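Below, chain A partners chain B and then partners chain C, in two separate complexes.
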Partner chain A sequence: MTLTVKTFSSLDEAAAALSSDRRARYLGGGTLVMRALNEGDVSISTVVRANDQALTRIDASGPRITLGAGVTFAKILAERDLGFLHAPARSIGGPAVRNMGTVGGNLFAQNPYGDFTVALLALDATVAVQGTFGARDIGIEELLQSRERQAGALVLSVSCTRPASADAFRYRKVSRIKPKGGSVITLAAHLPIGGGRIAGARIALGSMAPTQIRARAAERALEGCSLDGTTIAAAAAAATEGTSPSDNALGSAWYRCQIVGVHLRRLLSGQE
Partner chain B sequence: MAKIPLQFRHNGRDVAIFVDGGTNLLVALRELIGDMTPKFGCGQGGCGTCSVLIDGELHLSCLTLAEIVSGRSVETLDGMKQGPNLHPLQRAFADNFAAQCGYCTPGMLMAAKALLDRNPWPSRAEVVEAISGNICRCTGYEPIINAILAASGGRASG
Partner chain C sequence: MLELRKDIFADERDDNLKEIGKGTQRQDMLGHVTGASSYFNDHKLQGMLHLKVVRSTHAHAKIRRIDTTEAERSAGVRRIIRGADVPRNLNTLLSLINFGKDDEPSLAVDKVRYKGEPIVAIVADSEREAFEAIAKVRVDYEPLPTVFDVEEALKPGAPVVNETYPKNTFTYHDVYDHQKLRFGDADAALATADHVLEQRYQMSPIEHAPTETNGAVAAPDTNGRYVVYTSTQALFFSVDTCAKILDVPSNTFHFIGGTVGGGFGGKVDTLTEPLCILGAMLTGRAVRYVFGREEEMQYGPPRGAERIYIKDGVMRDGRVVARKIRAYFDSGAYTRLSSYAAVKCAAHLPGPYTIPNVYGDVYCVFTNRTPATAMRGFGVTAMDFAIECQMDKLANLVGMDPMEFRILNAYRDGDMKAHRREAKNTALIECVQVAAEKAKWPLREEFKRASSRKDGGGSRAVIPPTPTDSRSRPTAPVQQRSSYDRLPPTVAREPPREPPPPASPPPSPRPTAPSHGATRFSSVFGTRRR
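Then we have the complex of A and B:
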């Protein structure tokens, strides 16, 4: 099948081309769109690309970091100032996929992929998108909830606040094949602590619902408490609340529900 | 629909071809240039047998839009041997029985080359990580890991 490939130097033009054609898809690293084309997805008739350098820019100097949507996972791993994101970046694919896959594309990766987005959800990231009505910032939760309707919007960048300490952000991916492989479940936790108590906990889960979700009941169990055994047990017991996992080749929905609390307990306890 | 002209460097040699819109690099290499060393495996980025180096970086050619390599350098297994001599990695694969059916071998060798080009003395863990995107259903991986480690120890330049 012959596609139309449109490459633009300006983000405005790329966004306009994307939003004006329902059958257009943005091509970042290729790991999603080219895969769909190889599988014979005839719903895509136009591929839109943009060369603007802003898409590959990393600003990691301050307390709030910004990653251009075209930043690859290999680039994140090469950036010392982004150490807190190295574990999620390293958990994705093999070296070739990390050289190709991008932060922006990961927002649209379906289960059992999209692990980096789990980390961004725990970090309460903001996503800058450009659509028909200009550029705007939206919360990552809102983007994920409306992901199917966002295909016409061009993701420009993702930003989040750097965790206060290395211990305040934790990430764990459970897969059958190591070091790479699709996710059985993926967990990330941001645990800001003030005066010995957790304030503003965010727990994010991957492969536990059609999109990445927050484990709000587990967050409530942690809020205002110290991170001790009792609190961790309460959070682990609440881990499945609000989840709706599916069966796939990597694990059944039942299995995922059985293990998510176990892995959340290990994550919060700092166990390997 | 009009074909798209595409020029890039293929194993040190300038090539110019015409591709259909949406053609992936693997198809361009195999069907338009005649370089049959990158293999088609899964077409999904899961097996790694189509791996090539683009400007020295490991990429999956089946997931790469051919137009993206315009003006860039693409290396495949076909360019690895040096005249009549095997590349040290190829020699190590032969010496260590690192190929059985051989279908994964082009991708394994390119992944290994990407590693050794930036890290000539990798640890075993780094070798395992470097080939973690490449599937082999014959060898059990151990001979491949041993071959890469052997090549890293006794490797000539290049």
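Then we have the complex of A and C:
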């Protein structure tokens, strides 16, 4: 069987082509799918593309921002209103990868990639998906938990609320090769503060489980507290709870467990 | 700006030479920066087929059965090549200079010895069709115990990785399981040294990570010849290796190379050319075989891992009086070039220092890891790292400045080196002095005045009495510097076999026996007497 490439101008048709064929894969920027094909992945027999302009739209004017699934990281970096997402966008690949890699594709990137998704998970993003029965919104956490089964779904856009202040959203990627290495671990924290106390803390981790996950125990340690040394220490101590990292060439599971608390402490205390 | 210190190197260079110190453009630079350079993979030939290999999923296993029936029926498949199709399916790279025994098949037959070892090659109309056929090949493995650590591999009862070397060590001079260096009495000197420091160093494999992965394109030419576009960084070496494996005279091939997209030692192993040419011989079509990126990273040969133990004796005044070294080169499952790395390493001991008692045992060890190969100064690089770490630690131990400590122990002109050659044109002292000066590192006056050309030789030129090891002496003569270039006493060359039957138009096999140029590389092992 050879490889078929299908390009659609309508998102409906693209979604239908994607969901009707188990061996079809959507090609966004190609940084994952083309690599798989070049390395001989024969599980893909159809490549689906869509050239609807809606996929590359950015709406960053209001308090809630929306990024089309086909928006590249280079485009995010060129958008001044998306300053809070520049750190995660810049941490991905080199210029060539950032020029091609997309927000939508990043949702499906396996470890040690998918750093942008860590940021979106901390920001409690909503993902608009075109399925067999029309478009629907699902929480990013739900999408990630069922990611293996979502290959037939076409992601249209991702939206999230802009953090209240620059300090309320923090991001840190630990890699061996800087700036463009794969992730040893990736951390993102959304820390809304009201009346000096954290309300609704969300901490997301990359490379600490098969998919990006939230560090719920660490979130609980922060909730309702002021961001002081004691709170930070408690959150750092709880960082590994619920995680299940694995070994890869960049680091062992043991190593990841050793460093995740250290980097969470640095992230929360604002250290470089 | 380069500066040649004429005060130090007065006799070193003809003053009329006019290249040093000037910017000179590389001859291939313009092509590279304008994208005009032609690489092997730029040749898309008419009707070109694509070759991919089935790789072992086990690090060590017997192959019970290889079932290719389904793969043969897969769309686009032109030919499936097995080990039995390779005319001489056992080779070692340095057999071209009669060094080492043939130990590595092009395609594994009865057993795989590292994860990723090629077992079956598939030639198909497209890469995709080759990949799809690969997914249909069934290999029935019987996993065997594995060994991944050099010292574990030397223990009694360790799994035998490579039956050509049943002790898991390369055989030197037909007798030894390691390369020895003996100079003076290191044990006696260690017993009387003021301080003894023993340390362990471990270096991991390093992948060359070239921009262009290993590969070749081979096509039938006129007169039964084959034209081969290749990424090899050792073109004539690759020609002879292919001639040997395919059992044809080397003039069967017209190799075209020269533009290498990054080599650094990772493109001397001739991994793709023999199967690529064989594919062209068996199908009568042009065939391309290129490593994918993951193949290159995972199964392309790296710089080998090394484990090094150094035990030094040092006096309170800073003189190193003894250096005892045990080093283990992890060759992976096959020899490739690690045997030679160990020879280079032994010749390099104890580093650029005059130490009166040196003892070295350097092992080339087989494990179930990816075979290692050449990479930039291999055999010396890791050892130098270990030695220089050790020198810093020794300086600290005796409370000396590390720069002055090196000047004190540096070899000088006229000194006897541990491998019994007189040191000439030495300049470590001057290098350290210049480095200190540039770094504004204070040196005491006596060390600023030290010179490589003073105070060497004399008692430092003497070969000290050296006790011999208690084990029985080999029958081969001790001074056998040219033994690698002589054919072994029993010439076990197989008679040339017929090349495999070609599909269409038959390339006529040459009647002449192949000559693999055994003496061509004799300078590698120093047969030139100075």
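Keep this in mind: the second predicted complex is superposed on the first by the 270 of 272 C-alpha atoms of A that agree within 3 Å, B and C clash if a C-alpha of one lies under 4 Å from a C-alpha of the other, contacts with A are read in each partner's own complex, and residues count from 1 in each chain.
In this section, a contact is a pair of C-beta atoms (placed from the backbone, for glycine too) under 8 Å apart; a residue touches a chain by one contact, two chains touch by 3 or more.
Because the structure is predicted, anything quoted here is derived from the model rather than measured.
Colleague: Looking at the overlay, does A:240 come into contact with chain B only (first), chain C only (second), both, or neither?
Modeller: After superposition on chain A, A:240 lies in contact with neither partner.
Colleague: Have a look and say if chain B or chain C is in touch with more residues of chain A.
Modeller: On the superposition, B touches more of the residues of chain A.
Colleague: When the two structures are overlaid on chain A, which partner does A:38 contact: first (chain B), second (chain C), both, or neither?
Modeller: both
Colleague: Using the touch definition from the top, say if A:2 reaches chain B (first), chain C (second), both or neither.
Modeller: both
Colleague: Which holds for A:150: it touches chain B only (first), chain C only (second), both, or neither?
Modeller: Neither chain B nor chain C is touched by A:150.
Colleague: Could you list which residues of chain A make contact with chain B in one structure and with chain C in the other?
Modeller: On chain A, the overlap between the chain B and chain C contacts is residues 1-3, 35, 38-39.
Colleague: What part of chain B is in contact with chain A in the complex they form?
Modeller: Its residues touching chain A are 1, 4, 20-22, 24, 43-45, 48, 51, 57-60, 62-65, 67-68, 111, 114-115, 128-134.
Colleague: Under the touch definition given earlier, write down the residues of chain C that touch chain A in their complex.
Modeller: It comes out as residues 52, 75, 126-129, 131-132, 134-135, 292-294.
Colleague: Which bits of chain A are touching chain B when the two form their complex?
Modeller: 1-5, 7, 27, 29-31, 34-35, 37-39, 47, 49, 74, 93-97, 99-100, 179-180
Colleague: Enumerate the contact residues on chain A facing chain C in the complex.
Modeller: Listed in rising order, the residues are 1-3, 35, 38-42.
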